[in-house]
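Consider the two complexes below, in which chain A is the common component and chain B and chain C are the respective partners.
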Partner chain A sequence: MRPGIRSLLAGVIVLLAGLAVATAPSIDRVVGPFELGGRLGDTVDARLYSATVTRVELAGELDLGYGQDGFSYTPPSVASEQVFVVVDLRLESVVDKVLVQYSELVIGGVTYRVAPFLPGPSILNPPAGPGIPVEGTLVFEVPSSVVESDAAAHARLHIKSELTPQLESVPVFALDLGGLDVERVRVVEPATIPADIR
Partner chain B sequence: MSDTPTDQTVASRRRRVPWWLWTLVAIGAVVGLVAAIGGFRDVPITALPEVQLGAAHVGSEVRTVVSRAYLSDTQPTNGREADAGSVYLIVEASAESMSDGPSLLDGDLIRVFAGEQVTPAVDPSHVLELRTGEPSEFLQPGVPVDLAWVWAVDTDSLSVGDEVFIGIFDEFAIYDHPIWGDDSFSRPTPVARVITSIASHETLAGTTP
Partner chain C sequence: MTRSWWRRSAVALLVIVVSIPSLAWLLGGIILTQRLGNEPGVIPVAAGETAQFGGYRWTLTASDTFEPRDSEGESRPLGTELVAAIISVEPIPGDADDDASCDAVLTAPGPERVRRTWQRVGSPGDYLYRMADDTRGYCVLDGTAYEYETVFLVPEGSYGESAIDVTVTGSRTIHRFQLEQ
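Let's turn to the complex of A and B:
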């Protein structure tokens, strides 16, 4: 092969490789999660668990008095200089016990992770196995200015058991936090199995 | 006797410098240039910009305000007592993620030079959120939290009034790998320092960070 043609061919190959990289879908599009949409009150059935958001409130302080019955360093109440978004959730796992400690609240493109300090038993580590629903509370601490912004009307709650779920279904609830009053103190109860199925 | 065309081609190939030698020369030149401008020299701690106690340092993703360093027999908030012959060196600071998601830099945000026992290579035994006394797990965006980095040291290794160098660390996002498409972070590196003296828990009692 003539040197000129060889150089031209090499250039074309490099250009094609660059084009392939530039136009390749992102990793999220290839192996990202399948988001299953829902709203307040809906039950969303994912592959590994189903989730229902039953109530959403805002609070400036959490009463965690139940935690003092067991072993916990967390004091009986925790106050925020910002705002707690308190989400009551019903969760039922399908295959195995599921931990939802990677749940996230996304408001205006900013991601807030679920607060880890709730004493056990909390819904982050549900006290029941597959087929048994558990009711509990997720808490997200977010800046006050965010819940007062227009973006708060379009908050999205991702119920996640992995940090970066891949090729896995994930319930995503559209929540309207706009116009909610901020309670001074919200009593948080431990995660429990609902009385109607006991 | 004149050379045949075949002999000329062979001679030309012998004279041509092989490609791998050019590659080695190029790599050597780059490494030499980096070395010549001091790229491999250790960065002395005195080269780091100094931040005053109580002043804010804004890094690439975390805003940090170091408030105090002190010795105590117990951990803050949860009251865990140090073992016999040990005392806790505690550095308190406020930290806030400035990015659009939670930051996991909290554990690596602060390291100290204090006496012979505590160097930046020594990780704290605990990083606590002062409000709850629980281990810190991440920094929420836009929500400052008060944290304590805790090292257990021998009682006679540090004294009240000793000077302590507090390094504020940062990490830098490496965006969107073209093949793996995943964001990652560089190793945490020191970007600023706070120089203060060690207080005692008793003298700080009743004060807030």
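Let's turn to the complex of A and C:
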């Protein structure tokens, strides 16, 4: 092979290698979750569970129902100076009971974690195994200014059972929180199995 | 390419042809070995047969399905059934640990060769299921003989293909008790 052609070939190989490196996906994209999109009312079937968002509301106070039958150490209600985003969800696992305590609400690039103070049994720890749906509520506490911003129209709800799922399907619901009225008090019920699952 | 090129490159080509598949096999073999090593061993136990493990004798003496009911006595949730089983647990003198416990779950064939798993119902009374007076609803191995009664809520029609997987805490072996048919 002539020296000129050899140099040209080496240059082309280096260029191609540089192009491959520049366009290669990041490791997060290679092993990251497979996001399955949905909207209010859609059922999204992930590998380990399916999820349906049935209702989304905003509230300034949550009635958790504690102490109705007598004394309780837990406060019967929780108020916020900000806003609670209350999401009603139907969840059905495929293989084993699934815990969705790592669910997140993302608005304008900021991630809000799910509130832990739900009345038990909560949908964070569903009272049923595979093949039996559970209906319950997720709550996120979000600044009022965020709910009133334009970004609220493009909120994304990630239903997750792991903090950083890898190579796993995750339902992601696009939610429009813009224009929703803020209820004064919203009653949050424990998670239940529907009366008829057929 | 000339004959002399092949002659000069023969050793290099041989190394490539041998080393690349060997490396792939080695890496795959390690992953496969690790995966198989993490798989717990499963020992099937037929209904009525006695298995010995963890210093105890275990026999599934009864199993059946029941209709779950709500507090009004109505069949609820529709489309589900309760699976209940009684396992006789008897210590083997000299072998029985008196400070151990076990875990029992109901399993059935699921997708991708993974078994579907149901945890026991913590309060069977919520579905108007009444436990027997002389059984225990929890598995504590304290050196005494007893009847372990366990209840699961499953989708209707699951009973026929299900089994109860019992694991003594700390053990990696699952004893899969077949239900009475």
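We adopt the following convention: the second predicted complex is superposed on the first by the 163 of 198 C-alpha atoms of A that agree within 3 Å, B and C clash if a C-alpha of one lies under 4 Å from a C-alpha of the other, contacts with A are read in each partner's own complex, and residues count from 1 in each chain.
Quick note on the criterion: a contact is a pair of C-beta atoms (placed from the backbone, for glycine too) under 8 Å apart; a residue touches a chain by one contact, two chains touch by 3 or more.
All of these numbers come straight from a predicted model, not from anything done at the bench.
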Is this a clash or a fit when chain B and chain C both end up on chain A? fit
In the superposed arrangement, does A:109 touch chain B (first), chain C (second), both or neither? first
Under the stated touch criterion, which partner chain does A:142 make contact with: chain B (first), chain C (second), both, or neither? first
Which superposed partner A:82 touches (first chain B, second chain C, both, neither): first
Classify the contacts of A:92 with the two partner chains as first (chain B alone), second (chain C alone), both, or neither. neither
One more residue to check, A:117. First (chain B), second (chain C), both or neither? first
So, A:21: does it touch chain B (first), chain C (second), both, or neither? first
When the two structures are overlaid on chain A, which partner does A:132 contact: first (chain B), second (chain C), both, or neither? second
For the three-chain arrangement built by superposition, which of chain B and chain C touches the greater number of chain A residues? B
Nearest CA pair across chain B and chain C in the overlay: distance in Å? 20
Common interface positions of chain A, toward chain B and toward chain C: none
For the chain A and chain B complex, residues of the former touching the latter: 21, 24, 26-28, 30, 73-75, 78-82, 109-113, 116-117, 141-143, 145-146
Which residues of chain A touch chain C once you look at their complex with the stated criterion? 94-97, 128-132, 193-198
So, in the complex, the side of chain C touching chain A is made of residues 70, 76-80, 110-111, 114-119, 152-156, 158
Using the touch rule from the top, collect the residues of chain B that touch chain A in their complex. 77-78, 100-102, 129, 131-134, 137-138, 140-144, 176, 178-182
